[in-house]
Amino acid sequence: MRIGFIGTGAMGEPMARNLCRAGFAVTVYNRTRSRAEPLTADGARLAESPTDAVRDADVVITILADDAATEQVTLVDGLLAALSPDAVHVCMATISPALSERLTEAHTAAGRAFVAAPVFGRPNAAADAKLSIVAAGDSAVFAALGQRTFVVGERPAAANVVKLSGNFLLASMIESLGEAFALVRKSGVDPALYLDIITSTLFAAPAYKNYGSIIAEERFSPPGFRLPLGLKDVRLVLQTAEAVNVPMPVASLVRDQLLSAMARGYEDLDWAVLARVAAENAGLE
Amino acid sequence: MRIGFIGTGAMGEPMARNLCRAGFAVTVYNRTRSRAEPLTADGARLAESPTDAVRDADVVITILADDAATEQVTLVDGLLAALSPDAVHVCMATISPALSERLTEAHTAAGRAFVAAPVFGRPNAAADAKLSIVAAGDSAVFAALGQRTFVVGERPAAANVVKLSGNFLLASMIESLGEAFALVRKSGVDPALYLDIITSTLFAAPAYKNYGSIIAEERFSPPGFRLPLGLKDVRLVLQTAEAVNVPMPVASLVRDQLLSAMARGYEDLDWAVLARVAAENAGLE
Amino acid sequence: MRIGFIGTGAMGEPMARNLCRAGFAVTVYNRTRSRAEPLTADGARLAESPTDAVRDADVVITILADDAATEQVTLVDGLLAALSPDAVHVCMATISPALSERLTEAHTAAGRAFVAAPVFGRPNAAADAKLSIVAAGDSAVFAALGQRTFVVGERPAAANVVKLSGNFLLASMIESLGEAFALVRKSGVDPALYLDIITSTLFAAPAYKNYGSIIAEERFSPPGFRLPLGLKDVRLVLQTAEAVNVPMPVASLVRDQLLSAMARGYEDLDWAVLARVAAENAGLE
Amino acid sequence: MRIGFIGTGAMGEPMARNLCRAGFAVTVYNRTRSRAEPLTADGARLAESPTDAVRDADVVITILADDAATEQVTLVDGLLAALSPDAVHVCMATISPALSERLTEAHTAAGRAFVAAPVFGRPNAAADAKLSIVAAGDSAVFAALGQRTFVVGERPAAANVVKLSGNFLLASMIESLGEAFALVRKSGVDPALYLDIITSTLFAAPAYKNYGSIIAEERFSPPGFRLPLGLKDVRLVLQTAEAVNVPMPVASLVRDQLLSAMARGYEDLDWAVLARVAAENAGLE
């Protein structure tokens, strides 16, 4: 199976490498060419343009920064027009359900297949092929990328709703941990011990352990997921919820704290820096 | 070792039973006597008053409803005055750090030992001796009650801070899950599938599985932890944080939603009914 | 002076009538033609299209529903292209500063003048020529429309920021009044007396008197300013603030309550129905 | 008429002076004696104790810092016991409705009259006899103190609810103005011009003009109403609302911002410093 892979950023690069190593014939494209070049060592072919990457592919994977980039490559730069009739376009980026629906319509109108398959996991999970994939369709390539694939139905947009609400739960957890750590620190309790207690019992989950240790150690750099990307996702959550008249007050609150983090100059840090905002608001540091 | 056990409510009753079965000599007291009587079948002796329960005990455990009841029994009804010189008073209720400090001072002034040892876990965990105990001291009795005991230092109030902030994390998680479920339900995603996805990966933790299934199935009755108790704990969190000038906006938000749940007449339901408030605010049901 | 007037809705219709009565030669256009027809009785000429309304005008006023309609008429339907070289396009709608900037650039590139001049006031103030106009430029027509014109500089977008933040203050006031009335009603204080007290002293301002009486009397219909328009404006406030990294937590909170009002089916009521949401959340009604 | 006046702080001192000048026989008491002494120049007699101030008075006015001080003086230090049978105790402090009810009961049981009559206005309004008094009873002394007296019924606690909800509206206005000014400042609009616009029209009210100019000029010192007093009042609002199950999300939000102001070290500034918190959270200053 030939795979066209567009977008070799922090997540896409290790994903594309795993596909190469799993034996797929992978053609990669990235706007900043230098970020795609290392993949040639794993057997990838470098494309000159999005359409060049798409031409002969059975499966085209895109994992670009946001809605705008995804729409540009697909509809303006000609990805959709260059897809062969039997190919499937698998969009693994975190995009809005609204764009997902527009892309579904455009592909359907052109007689092509579109699958939304966003992933949960940070770059190290991508490297270890331990991503969780939430798809609204299915495809053989997923096995090379993830630990498990959840199929949430036939509407691609449904997968995007699940992904976004998952990121909302993460953002909410980070904010809550930040507030809790501010309280225990100002009350004289050791943050590391506190982390050990909460993640040994009720919250013995990867997300709490991972983000909890980042917060307890104030290790916001290098970023695993940069603040502006977190803000973008929370904005998409709110837009998606607004479209169906769902108030999400915790998401609103987190958005305000993320904005304040931006205003404080933390745009190059991990979005867990929300905890620093909570600490500063409590007079710590 | 002789144990005096005061407060045989939803949590205390199974805890006292486990102590009997572990071979301790347990004397129980409960204001509503009928709630303590079944324990005589397990070998407990029934006391006529708090002081009667305390008289010969090596360890006195109290697990009462709130600050007011704990203060009343200890300082007004004579528990402290009746403690023998070598006895330890172990307070396992969720009380405020402020009361914990007052009780520490009172016991110290009287030459008696006071330990705060609040627990994480719902009644079924109490029955299975699977509670997690957060203590600021230690005692041999803990092994019969819990899975694991965390010692957080010498100031009893520190244990109460940890307990309260743990309950805050739970409350925050419930609210966030409520908002997320409102979003996915209005977006046409199956709640059970959504729960499966999030608890298989990032949030594979007991708290998410337990409360997530309550919310997905809207199973708010019978309550494991009643709404007014949840509101009481969030109020204690806010008071504790205010005393050290820590703003906790998620706690404030959750308090408002809990109050609205009270105003909607849900006081006899589990505090997970926060999710119903989120759903109703989104026009569901 | 010849005026082209596009958009004769709840606000535009009385504004256009006042211009006619003040002696200007007014040509009106409205997409739904029947809403413009009554103005012919005051001497207005009916245009067949936006460009027809614009052709010979010295001043073109647009006051359309939102960003999308304003952009469509100006850039797509040909208003800008049809403007004569000396004409001024005065946009009196509540639009985003971002669109205001795009329109400023487009007019400048075409050698035409663009002024943003949003208004404060409800339809009855429009009828009485008592609007307050916030302009980033000036024009003789304003005297016929408003009580007072404030000039906020040369950048049209500045006028839009002022208008939007004014609407934010209104929205915030409504929400706060809603919460205060819920408290006093549940405390057994007469709402009418309460309104009299607060508007006799500290808050002796038109906005408090007007909205306060709507809330005290629960008179949300007929709407002076419909809920979806209020939601649109708060959304614009949040977008504008996000563009400069300004968190506005009260605006976020109000947005959530407006969304809940939408979810409760109140879309045809005045946006003061926020107070009913506050009352319902407190268990009233 | 002989008046006993207890509490000659920032508000009480000018109020007592006006009573002297209006010809009443006033006996004053203040815990810090030096703060009461200047009043002797206006004819006041200095009492040695609260009971000394109360003994022969027809009317006793108390305006103390908070619930604790009011309760101490009235019930512990002997004010109530020393009241003559025909005297009226008029409590003009901002206290909780709950304390107001306890004091009503205590006075009734002792056969004495109790009136709650909290005031709106800052120290300069007190000096000018321009306070607004919200009373749940009436008394001839009010004319010497205020511009207007509103009688809200027979239950003293009702006056306290009105006073507290008025302070809530002020706090909410300050927070909203703070957010609005952060937005306009970061958008390049002159704050003084902005203030002129909003207070010329919709919000032409004393509260907006007064606090608006404090915020526009960042004039938070000397304080007219200190931050900790503002926090105390918002706390009372939330407690009062909680007692009747009324969620007040704006009050919760303001409380969090006030707490952050405390944590930032602003306890000696005017509570309008909320606007500085909003500005700092937006990266200004």
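A, B, C and D label the chains in the order they appear, each numbered from 1.
Criterion: a contact is a pair of C-beta atoms (placed from the backbone, for glycine too) under 8 Å apart; a residue touches a chain by one contact, two chains touch by 3 or more.
What you see is a predicted model, and the numbers here were worked out from it, not measured in a lab.
Contacts with subunit A and subunit D are shared by B, C.
Of the two chain pairs shown, A-B and B-D, the one joined by more C-beta contacts is A-B. Set against the C-alpha centre of subunit D, every other chain centre is closer than that of A. Centroids of subunit A and subunit B (each the mean of its C-alpha atoms) stand 37 Å apart.
With each centre defined as the average position of its C-alpha atoms, the distance from subunit B to subunit D rounds to 39 Å. Subunit C has residues 241, 245-249, 253, 257, 260, 262-263, 281-283 in contact with two or more other chains.
Interchain contacts join each chain to each other chain, per the touch definition above.
Across the complex, subunit D is touched by residues 235, 241-242, 245-249, 252-253, 255-257, 259-260, 262-263 of subunit B. Within the complex formed with subunit B, the residues of subunit C that make contact are 249, 260, 262-265, 281-283. Contact residues of subunit C toward subunit D in the complex are 97, 120, 132, 134, 147-148, 150, 152-153, 155, 157-158, 161-162, 165-166, 168-170, 172-173, 175-177, 179-180, 182-184, 186-190, 193-194, 196-198, 200-208, 237, 240-241, 244-251, 253, 257, 281-283.
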